[in-house]
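Right after this note come the structures.
Both of the next two complexes hold chain A, though its partner changes from chain B to chain C.
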Partner chain A sequence: MQVFLQTLIGGITFGAVYALVAMGFSIVYRTMGLVNFAHGSVVMIGAYAASTFYMATRLPFAVAMVVAIVVTGLIGLVIERFLRPLENKDFTLMLIGTIGFGAVLEALAILIWGATGHAVPNPVATEPINLGGVRIPTYSLLVIGVAAVATTMLALFLRRTKLGAAMQAVAMDHEAATACGIHVGRSNALSFGIGAGLAAVAGSLIGPMLYVNPTMGGTLGIKGFAAAMLGGFGSMPGAIVGGMAFGLLDAFAAGNFQAYSELVTFVVFALAVMIRPTGIFGEATVNRA
Partner chain B sequence: MLYLAPAAVAAWLLPYGLGGYTMHVVDVAVIFAVLAIGLGLTMGVAGQINLAQVAFFGIGAYTVAILTTKTGLGFWPAAVLAVVASIVAGLLVGIPALRMQSHYLGIVTLGLALGFINWVTNAEIAGRAEGISDIPVPPLFGIDLSSGYLYYYLELVVFVLALAFALFVTRSPLGRRLRAMRDDDLAAGALGAEIPLLRMTAFVLSGLYGGIAGVLYAGLIQFVAPETFNIGNMFLLLAMVIIGGRASVIGCVVGALGLAFVREALLDVSAFAQLGYGVIVVLVVVFFPKGLAGLPAQVFRRKRAERPRLSPFIPYDEAPAVEAQTVLEIDQITKRFKGLIALQDISLSVPAGQIRGIVGPNGSGKTTLFNVISGFYTPTAGRVRLAGTFVTGAAPYRLSLKGVARTFQNLRLFEDLTVRDNILVAADRTRTSWIWRYLALPWTVSTYDRGLRSRADDVLGRFGLTGFADVVPRSLPYGIQRRIEIARAMAMRPSLLLLDEPAAGLNGDEVRQLAEIVRSIRDSGVTVVVIEHNMGLVMSLCDHVTVLSGGRVIADGTPDEVAVDPRVVEAYLGDSMAAPTEDDTDREAEHEHADR
Partner chain C sequence: MKLTIVAVTLVALTACAPPGEDSGSGQKTEGPIKVANINAQSGQLSSLGKWENKGVKLAVDEANKAGGVNGRQVQLDLFDDQGDPTVGTNLARKISADGYVAMLGTAESAVTLAMAPILKTAKIPNITSGQSPKLADLKSPFLFLNAPTSVTFDETLAKYLVDEKASKKIALISNNGAYGSGEHDAFLKSLKQRNVTPVADEVVTPEQKDFNSNLAKIRQQNPEVLFIGAEEVQSGLIAKQARELGLKAVFAGGAPMGTDVYATTAGLANAEGSVVSSPYLSNEASPAIKEFAAKYKAVYGEEARLHVAKAYDGASIMIEALKQTGGEGGQKLADAIRGVKRDGLLGQYNYDESGVGIHETKIGLVKEGKAVPAAAS
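This part shows the complex of A and B:
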């Protein structure tokens, strides 16, 4: 039982990060139908930006996070500007274009920070909280808390602000949105910026939990992507639930299959999406004559 | 064909001018070329996003390594088993493609590739992270294949065979069906292409080429380790195929050879190399979506001196009158979508040689009915009979092979196929299980294809489309595209033709031509069911009209009978007594608002 609860906490912590990554994917996907395979690399850049700034300046971790958000947000705008001619057109080309961007970001990270990577000190170096024999790291609480705040802010933005409503409108029908006087290009750029910002939050949070290195984006991106699919592509609640589900799947696979956890995770994932390709919250996108 | 001879001579003489290390680089490049052909076939030709190609490569190489070093099997028996293993892996990875496409498929295949790497880095039998060394040199009639020079000739033979087979497949009926599936899988299904089997075929080809490349790699390097098959190399492979031009087999080869050399040249500055090809992939995707292969056409865009004209339709020969039988019989069909009842208890029967009109207001279920008849939807209840046999719920390709052809309301032509290829896809009436011939009896395929081509030329000529045979439909005016779709349906030699709003968007002259074409089709012995909103056309063209409203049949009879039926008038014009007047438009608007 203790082991179970301990694994559960680890799973939820990683799940919170995957949920952030998945939300970043989803917000871009729903507004412009673009599947951003570079998202994982953006997360990696966010992790580097936050950790480098944090370790170099010794300013609070929150400040480092904001710096990372600005950096990745700008990268997001650049990617969006480049791929704008393909938006809502050829799916496969967009997908490959973003894979290209991912490779570019990874190469840039190697050129700037070197191929080896670095460890990040824990910003809240206190003893874990002991709760009936289960040790909860304080950093886990921080991760879950920050993820919850980011999610709430995003939800409020989408629901309560005019800009957010405009983005929702573009998501539903970009042509109708244009007819209503919404600048679709600007709205798309904004959602790409927000997606990249979420990636930075996820990246800066994951830094102290993993070793920050240029190739971490690949695995993180795929896992976040898989989480988004599991929840239902383009659905925000789906991203959260999918992220959590994938975090738990990952944690329990690691607990039971040790070294083979990745194999088990992806096989289970493949089976799950085969049984239900639309995910938990996804709507059936039946393309019929 | 002529330009092939110098290429062959150059390839044959190449080793004489190369140093030992360069020869090795060439050997590796050729392996990547084989791999890239496989990826090009699955992704570019068949449109299946397969990011597990590098895993098939790995399975081929690892199977050889494990079988030769752990069980003592000889190299060639191990090689055969390795290719079989890769094909089986291709089948397994392809199963998700039956349920999902595009990015979904991409992420699932990528995930499974990661799973494979995870397995080989940890499994005892695969030598963990150190990999497996001491794979034996393949024996070949006393030729010493440990020499990179002699190995090159072995690779060359395999490569030429692999390339020839790939070219043969892409230009054959199978390749056309794969490309049709890539452009529009629903339309391809309606034309007789068995989509699930075709998708699996694409993955089998992927596994086949991956396995062959893996065997060659194991024999060349005599060592396998996980990092050769990592995601970075998957990306490199993808870059090769995209830069070269994914839909062109030759383009894939050029891309693979080119990038393999570039990578070798920039080995010391690999981060810059990765930056470079990342940037190139982005630029290619945005500016040259067809890659190097599409470049000549993009640069030397030919200007036609004169646009070909649409020739007149040549009527079909009249078929001798046959005894009246019922071609299509629909019995109490109901179709529900969750809460919505789209069709309720629809019954109708269409005798042979009739032109049946289906009319009704928008949303009355006409297209849903067509989708049930052509197999896109399985009805919730009721039965469909085609010339006496029950076909309820049969897949579209089966119905197509049984003689049901259809067109679509909003045109579903294969955009990247020429008009001739569009017709050829429809003319091919074989089951996909016919494909064993591609391996066993390739010459029969060529003979069959020649037959198809002459039939397609007949259809093109009859519909006056010969002048447009070699252009893509997208570049043609709407009216001509509509005619191509009817020609494509008729190339299937159907017994029942379903036309979904064939006159939509046509001008008066084109509507007259359409009526002439449809009558001639009927006179040739094909039964026609047509959905149409142009009531003038329906009145003059149809022998019998069925009126749908709200998913039910509200009237059925000759055009004249139906036109005066009060229920039909009501359905079309609304009950005049209940219609809103100026006074209550505000209330009406409010009501409408609440409805949303």
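This part shows the complex of A and C:
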């Protein structure tokens, strides 16, 4: 039982991060029908930005995180601006463009921070909470809390604000949205910016849990992408459920299948997607290439 | 990349064409002595290859400045094996055709293993930086290691933990990559010889980040020692999460656990007291090492490390042997290398018939992020 609960704690913590990454993938996909393959690299830049400001300038962790969100948000806007001339013209080129940006960001990170990377000290250096032998690191609680707040804020933004409603409208039918006077380009830029901001939240949270280096975006990107697929690509609740499911799947496979855990995780994922190709929250997804 | 491979193969083939023609460059008594350094300069393993090359170059430059080998300069040429055994075998043919008397490198056991038969036939002595026990198993008279094999690392560790510290409850966690599985097998073998059965033996994947499940199982056994068989970052993550779970066991492992990457990833407090088995504990371990580290930093502007030091040792041994043969290669050079007794940075070199020169590692304890010799603490 203790092992079960401890595994659960680890799974939920990493699941929360995967959910944030998946949400970043999904918000861009639902507005533009585009998979942003640079997303993993944006997560990496977010991790670097937050950890650098936190460690070098001794900013409080929360402030460093906000700075990281601004930095990656700007990167998101730049990527969108470059891709905008291709919008509704050449979808494949846009996809390749995002892959290219991923490579560029990785190369930039190596130029700025070097190839070796750095470890980030835990910002909440307190003893884990002990609940009957199950230990919950305080940092895990922080990760889950921040992820929950970010998710709620995003949901409120999409549901309750005019801008959010406009983005939803573009996602449903961009021609009709244009007819209503919504600026599609601006809406796309906003989705890219928010996606990149979410990447920064995920990146800055994962920094102290892992080791920040230029290639860390690869695995996180793949897991986040798979989580988004599992939940239903483009669906926000799907991204959260998918992320959690992936974190837990990973955690329990590690304990029970040892060296085969990765294999088991992705076989289960492949089976799930085969049985339900649209994911758990299978919305009719957009495709406007 | 394909083009270069084809080009290299062509060069090798054309150069091989005239049979029986001058393969014994050992006869030459004038001009520079050609020594090849083969290491990955591109691809995933290029950081290792670059360190190795810097260490080798430092030794050769010093020797040349001091007058070379009996008045002849050593010409060091660098070849990129891309960490790929196929490229490695092509390069082995190329250097034998081009009249190189000796080869230094590579940093990857797999590449060296592939090249060894060709170099043996061509009678080109090779001092490698590989650490796989499989290299020693070849028993090639032309292959020498500049570091101990994993067997020595883990045997020393087991000796310290079980024989000296009388630890009985030992748990293992290792990844199933090339390095991790090698460590796992070697340490397990050393434990078996001492009639110790590990209380837990968890295997993880090299990409894994969350070890809660594996560590929770280990915690149930309440081990005194946790052996970690993984690379620097993963070892650090395992140590950090283990302490978060309240595991009190002493961490033990090979060379990766003596690095600052391990200590900072785990957190200095969590890494404190970790037991490290390595022939090169730190840049401050001895006066000779201190001097070397300062010299290295002055030339390259970065900190020295194990990979640099062992490449430097290997190249120095090669130069010493060349001095004895007067620049001649072949069997004579191999015999000369076997005869070199060097008090190197990694320890006392004393080659046996399997080409292993260092037969022990040192035990260090991590203190404030740095490995210090266990005896001094």
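In this text, the second predicted complex is superposed on the first by the 275 of 289 C-alpha atoms of A that agree within 3 Å, B and C clash if a C-alpha of one lies under 4 Å from a C-alpha of the other, contacts with A are read in each partner's own complex, and residues count from 1 in each chain.
The rule is simple: contacts are C-beta pairs under 8 Å (C-beta built on N, C-alpha and C of every residue); 3 or more make two chains touch, one makes a residue touch a chain.
Quick caveat, the model's predicted, so the values are computed rather than measured.
In the superposition on chain A, A:P60 makes contact with neither chain B nor chain C.
When the shared chain is aligned, chain B comes close enough to touch A:V273, but chain C does not.
Look at A:A259: by the touch rule set out above, it reaches both chain B and chain C.
In the superposition on chain A, contact is made by A:F91 with chain B only, not with chain C. A simple residue count on chain A separates chain B from chain C, and the partner touching more is B. In the superposed pair of complexes, A:T219 makes contact with chain B and with chain C alike.
When both complexes are overlaid on chain A, the residue A:G145 reaches neither chain B nor chain C. When the two complexes are overlaid on their common chain A, residue A:A115 makes contact with chain B and with chain C alike. Common to the chain B and chain C interfaces on chain A are residues 115, 219, 259, 261-262.
Partner chain A is touched in their complex by these residues of chain C: 47, 176, 202-205, 207-217, 220, 233, 236-237, 241, 244-246, 261, 264-265, 267.
Per the touch definition, chain B reaches chain A in the complex via residues 43, 47, 49, 95-96, 99-100, 102-104, 106-108, 110-112, 114-116, 118-119, 121-122, 186, 190, 231-232, 235, 238-239, 242, 271-272, 274-275, 277-282, 285-286, 289, 367, 370-371, 376-377, 408-409, 412, 500. On chain A, the positions that touch chain C within their shared complex are 2-3, 6-7, 9-11, 13-14, 115-116, 118-119, 121-122, 128, 130, 135, 137, 209-211, 213, 219, 247, 250-252, 254-256, 258-259, 261-262. Residue ranges on chain A touching chain B, taken from their complex, read 35, 37, 82-83, 85-86, 90-97, 99-104, 106-108, 110-111, 115, 215, 218-219, 222, 225-226, 229, 233, 259-267, 269-270, 273-274, 277, 287-289.
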